[in-house]
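Shared between the two complexes below is chain A, which has chain B as its partner in the first and chain C in the second.
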Partner chain A sequence: MRMDTVIMGGGLSALACGISLAKRGKRVTIVASGQSTMLFNGGSMELLGCIDGKPVEKPLEAIATLPQNHPYSKIGADRIAAISERVKLLFSDSGIEMTGSANANHWRITPMGVAKPAWLTLNDHLRIDDLNNLPAKHLALMCVRGFFDVPNAMLAQGLRELGFEVDMIEFTTDDITSLRRSPSEMRATSLAKRLVSNHALQRVADQLNSLAGEADMVLMPSVFGQNDSSDFQTLQNMTRKPLRLVATLPPSVAGMRMMTQLRHYFRMLGGTYLMGDTAVSGTFEGDKLTSVTTAKLGDMPLKADNFVLATGSFVSRGLRADYERIYEPVLGVDVVADNDRERWTSFGVLQPQAYFGYGVATDEQLRCLKNGKPIQNLRAIGSVLSGHDPVKMGDGTGVSLITAIAAADHIRENK
Partner chain B sequence: MAERMQLCNISENNFEQCTKCSICTTVCPVAAVTTDYPGPKQAGPDGERYRLKDPAYFDKALKMCLNCKRCEVACPSGVHIADIIQHARMDATLGKQRASLRDTLLANTDLLGTVANLVAPVANATLGLKPTKAVMHSVMAIDKHRTFPAYSRQKFTTWFKRHAAKEQDAFAHHVSYFHGCYVNYNFPKLGQDLVKLMNAVGYGVHLLDKEQCCGVALIANGLYKQAMRQGRTNIDSIRKSVTRDNRVVLTTSSSCTFNMRDEYPAMLGIDNADVRDSINLATRFIYKLVDEEKIKLIFKQDYKRRIAYHTACHIQRLGWQLYSIEMLRMIPGLDLVELEQNCCGISGTYGFKKENYELSQAIGATLFKDIADAKVEAVSTDCETCKWQIEMSTGLPVENPISILADALDVEATRQANNIK
Partner chain C sequence: MATNDIYNKEYDVIIVGGGATGAGTARDCALRGLSVLLVERNDYSTGATGRNHGLMHSGARYAVTDGESASECISENMILRRIARHCVEETDGLFITLPEDDLQYQQTFVEACQRAGIRADVIDPEEARRIEPAVNPQLIGAVRVPDAAIDPFRLTVGNLLDARLHGAETLNYHEVESLIINQNRVEGVKLLNKLNGERIEVRSRVVVNAAGIWGQRIAQTAGVNISMFPARGALLIFGHRVNNMVINRCRKPANADILVPDDTVCVIGTTSDRIPIETVDDMRVTREEVDVLLKEGVKIAPSLATTRIIRAYAGVRPLVASDDDPSGRSISRGIVCLDHAKRDGLEGFITITGGKMMTYRLMGEIATNAVCAKLGNTAPCITANQPLPGSEEDGPNQGDLTKRYSFGQRAAIGRHGSLAARIEKDNDIDNALVCECEGVTVGEIKYAVHQLHVHNLVNLRRRTRVGMGTCQGKLCSCRAASLMGEFNHDVKRAQEDLAAFLDERWKGMRPVAWGDTLREAQLTASIYEGLCGLDTAVNLQGKEDVQ
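Coming up: the complex of A and B.
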């Protein structure tokens, strides 16, 4: 089977790269080993959130100060500025409505009630542009009875510390109560599947309208709209006060929704998305990769002019560690990691962890290296890359999106 | 030394791979529509810890699992969630209780088919009658909304022996065909279409020495021992075809294929390692021949249709929908709509049972809406039970990709292009 480009991995970076290429008429196949870590996403993208523990206000400016080995440094601040605009377009073309700017971070709210710097946030989620000028004074935090996925007291406490006046209001509806029969299923994604019909949404709106009291904004956990934002819009239209959502613990409805929309758009552009298959090995000829074998396609390897490695980090099995080494399991390309296992981690889970920065080595064009030499038609994007730290630097989704589009450009330019 | 030991110390229990991310619960079609089912994470890896301690922790709600395998397809950690659930069901059933008459009848698709073929006109008329349906609904607990797929007057194998077998040896290449119960008893045309297609590109088609129902319905209905017997017979025949006759085995049903390739070893303990790669869905086999430029397909100039492709659960688990989709895309006049991957809700015999009817239709609702929105004249899928469900629920005809290919094929031009006399 011959394609223009085969992308190994099926998450955010794979889809962003696949969409960019498919949009220009290229035949693209994505090999996705199941669902991705986007289902842990709270509805925001971050370009660069922190340097040395301090929040970044102007990410594009701060990118220029990053060390040489950071993936952004290989692309350069000017190109990142241009690509960041194309990312916004890619989202809106996919039907994902987000707001934000690469010039100035805004704040997103975590389920724990912490404000974190963000680049883009879904329009239906709570976004704070300026901590000194909050979007509302008085919040009605609607707490769904029996719901697991938001620690309401911590969230309320965090919001109060930011300067909001917060009323915690518990409520339920018949549809929500019916879910409690199966205690393990009282989760955000299950609620999103129940709260779909106009009747179910009206019952929620009735509660919000009668209980929100003096508040000038109603805050709900992000449990609406598994496929698009229309369920939220319907609910907002039924609710008298402005309504915003706040991220829940994973799996998240916002992440599920964004993935569904990106996949749908990719398919619409003619892309092929192989869900539940895994790239297992590759065949090299000289300094080129010629084909990739997958677990399911077996004796019919995927051949292509270009390949992209977007298999993610340790959690997605794009990187593996055993007791002796850290390695990239599909193609055996070079990784940047300490040989000494003692250095991989530090004591204390909140301490900086060296392994977060490990990943595959690439040249300036994001080409993977094998035995120190670049593979001409193989690029790495997203979390599998070395040199960045999504936890400490808040650059995970940004690196995924920016490198995805930069790699798509390189693939095009090399023609 | 200590580190070496750790390196080898990996649990045999596949459920230990579960990281509790809960992603499987977001794709389960059953948990999406009912709170009676605990969801794949709880039913699978979580529950398994308890069941290892004491089998009494088995939860009857596990019978609600469709075995659609969508949880396994979604799992980022390679946990065989549905296999764990199926094994738990098997452990709880084996040697303890007998399947009900209804389940036994539904599961024995070949017994039912053999009898019904003999009296096809009577059977079809009777099974369609309201009084019959009412009796089946109340006495047998087979839902009254369901219409049994019509039985053919002539079995596929009878047709094949009378009208096709003689010519097959003359071809340069040869394959065997595992037709399955549906083709044999209900819809011989699909088998005839495959013969037409393969013959046009120079391949003779042959029956296996002995074919029995693959057993997918037997497993679903708890008749494991019978499934094992039939599975062994099938693998013996397949092995003879592959090693003695040098013929790979083609299929036209995604569930038979998945069952014989993956469920035989995983669920029934039947070792098929030596022949597994020789059990091939026909669309995949033909795609490979075209891809390697060993054959050419020429399609009719005037063929024009708009068709939606539905990815059946088991072909998604096989990861082979790609081949059926790419084959259909080769037909110049075919406007193909690829539907979002959602379960139709029938899951073999599941939806036929009275207690499951409403659930089955609720599960399929998303797919039916997508089909209505697609504005197509027909739907294509590789699964026969999806076909019944979609035909009943949308009113549109549903055709196997092989039938569509055979229909669109310009047989004479294809024979010439492949130098077949």
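Coming up: the complex of A and C.
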């Protein structure tokens, strides 16, 4: 079967690119390992959060000041402004309700109560547009008894430092207590699986209504809604006070929900999503990639006019490091990385780490290079790209989304 | 305990150093009825005690080169199997000969073992491959000896616990700045409390210097010179346990020739380099050390080539030059006990050093004998027969564990022996797992915080193994920090503590940061910095390294 485009990798960038192409009638296949760093998502997207340790207020303006090797610099601030609007549309078409603007960052609240700059945040999550004008005065922070994946005391302290009055209130319900029987079951995803029926949600709401006291907003860990936001809506309707969610430690229910929604939309548009498979090698002819072999399809290579490499960074095995070198393991395309192992990392764990900036090399059109020459029909998007740092710059999800759509545009223009 | 109480007291003996030797000496002194204070500048077992293979030598390794050490080892080995069985895993060991080694040496080795009283059975290479499938299949000879694995952290804590049960007092994070000297007599120590900056003086009739390589500086503050020759050894921990038995090379001791199984992981080591005394606090492992360890390790067990390395660490052996040879040419690995009254004319001061973790109990006995001689105490030493707390005869045995206890409870019994009974497990929250790799429960953390002198997450790791497994503290460190913040009612400190813990883990990961170890590092950074913003919440710059 011949496809228009084959995308290697199944995370955020792969789905955004796949949706963008499928929407215009292209036949797209995504080869997805089934794991994604969206598992660590905090309910927000970040375009550009930080430069040199300082929070960025206006990401679109700040993009113009980034170095040449940053993926954004290859796309340009004007096009990014336009693409950022299309990203919002892509999310709402997928049923993901987010708010925010590329012109001005707002603040998301981390599980440790730190305010971090964000571009888009899920509507059911706590979001602060202006630190001098908080969305509530008095918060009831509801702590699920025996659930350790929110450091509640740290979260409460952080919120107080931002100016909220915070009551920490521990609660449980029969449904939650029964999860406890197996000591390793108290994770955000298991709670989300358990808290789905109207009865279970009503028992939570009863606790919130009776315990929230004087607070004018109720905060809960993000443990609702495996597939969509309807469980949250049900709970909000049962709860007398406004309710907001705060991200938990992984696994992130919000991140997995967004992936489910994007996947669903991609399939609705006619896309093929091969779950649990990975690309293992490719065949080149001249300056073109002609086919890709996957672990499961074996001797049936996937052929296509265009290919997209969206295999992610080291975490996702899109990049590999061994004893001596850093390389891209599927196609062997060129990477930007130091040869000397000593320089990959820094001594302090919280210092910037050079390896975060390593990744595949591309030309201005995001085409991968092999032996210094661009492969005409192979583009790289997302975390596999070199020149950015999701941790220190807060640009991970932004690079994934913006490069995904820019690459989709290039692919269509190519025809 | 309030510091005033200590300030106003005069002890029979103050022991400086909270490694295995100091702990063993404190226990012995307490069991003989002396009033004891032990002081440690960092956490317990932060020096050489916590930075070795975790190997319970049979003595075979020293049989050819140092018969006396070999005899001491086998005798202590048999004692520890009785008194510290909850710290010991009886694995046995192999001494293998590879094609590049001289098979003649095996005969020399076996004869030397027999002279030292160490059982050494020559076995067929085929038999060696059968009982230890991880061994290099090209081996041409093998000898089976009674080596074993031992947990030095648990061993040290066991000795400290027993010392306390017999009236000893112990202080970690108290550094000796100088000795109190009055007319050629040591009368106590001047201490800095590193947690609050307070300075106190404590008096005693005798001071025992059991500070390992740092003992040279302690002695110097009293104007006494001991020539120590720091020998640094680096080791690598692999992500799972490839071998069931200790595997050694049957040749003259050399770099990276011992592979020891420790709980869920295994450890290869060591390198051996003389270093200047000024650099003993720099424990960073170099690229060259890693390269040597890997190259040699793969010869012992080829599967190490494809096994993930989870961290690298280094320790410093306190080797001592004999007094008639200050050049250091005849350095001893044997036990050195110096009575400074006889040697230097300074009364009330004893140094116990040299030796090995293996012989900590004997070192404690020798030092305590010297203390008792000074104080006119005639009580006999009973440490060779009295089991450590956790190893009593009536404790739960491994056989019936699987049926009656949960994973977390079984893991805790493995770590604390019969003391595990003190861990709260009455409600579902106490049984909840904080660390899934190592099976550490909320109840065990409570127990450690309240009874095992835990001030920070690194202490907690040494007492419970939290964060020591393959994930190196990815999620459990946050859960544990959060719980400790609740117990101590100090959230800011818990966050700084968490950052310091991650930094300490990173120190061991960085020298081997490729492959899956680099992946784990990126994952950890994504969670704690990207998702949580820990780097914004705390500032580690200018902070002293956590110990």
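By our rule, the second predicted complex is superposed on the first by the 415 of 415 C-alpha atoms of A that agree within 3 Å, B and C clash if a C-alpha of one lies under 4 Å from a C-alpha of the other, contacts with A are read in each partner's own complex, and residues count from 1 in each chain.
The rule is simple: a residue touches a chain if its C-beta (ideal position, glycine included) is under 8 Å from a C-beta of that chain, and two chains touch if they have at least 3 such contacts.
If you're wondering where the values come from, they're calculated on a predicted model, not measured in any experiment.
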{"item": "First, second, both or neither for A:131, with chain B first and chain C second", "value": "neither"}
{"item": "Contacts of A:64 with chain B and chain C, given as first, second, both or neither", "value": "neither"}
{"item": "First, second, both or neither for A:177, with chain B first and chain C second", "value": "second"}
{"item": "Partner chain in contact with A:350 - chain B first, chain C second, else both or neither", "value": "second"}
{"item": "Chain B versus chain C as contact partner of A:276, first or second or both or neither", "value": "first"}
{"item": "Most chain A residues touched (candidates chain B, chain C)", "value": "C"}
{"item": "Partner chain(s) touched by A:323 [first = chain B, second = chain C, both, neither]", "value": "both"}
{"item": "Partner chain in contact with A:111 - chain B first, chain C second, else both or neither", "value": "second"}
{"item": "First, second, both or neither for A:250, with chain B first and chain C second", "value": "both"}
{"item": "Chain A residues contacted in one complex by chain B, in the other by chain C", "value": "37, 40, 180-181, 184, 250, 315, 317, 322-323"}
{"item": "Chain C partner contacts - residues on chain A that touch it in the complex", "value": "37, 40-42, 110-116, 145-146, 148-149, 151-154, 156-158, 177, 180-181, 183-184, 186, 247, 249-250, 252, 313-315, 317, 320-323, 341-342, 344-345, 347-350, 353, 355-356, 390-392, 394, 396"}
{"item": "Complex contact set, residues of chain B against chain A", "value": "3, 6-7, 19, 21-23, 25-27, 31-32, 35-39, 41-42, 46, 72-78, 277, 284, 287-288, 291, 316-320, 322, 325-326, 338, 340-341"}
{"item": "Chain B-facing residues of chain A, complex", "value": "1-2, 33-37, 39-40, 178-182, 184-185, 187, 189-190, 193, 250-251, 256, 264, 267, 272, 274-277, 294-300, 315-317, 322-324"}
{"item": "Parts of chain C lying in touch with chain A, wherever the complex brings them together", "value": "284, 287, 294, 406-408, 428-429, 431-434, 436, 441, 475, 478-479, 481-483, 485-486, 491-492, 494-495, 499, 502-503, 505-507, 510, 513-515, 518-519, 521-523, 525-527, 529-538, 540"}
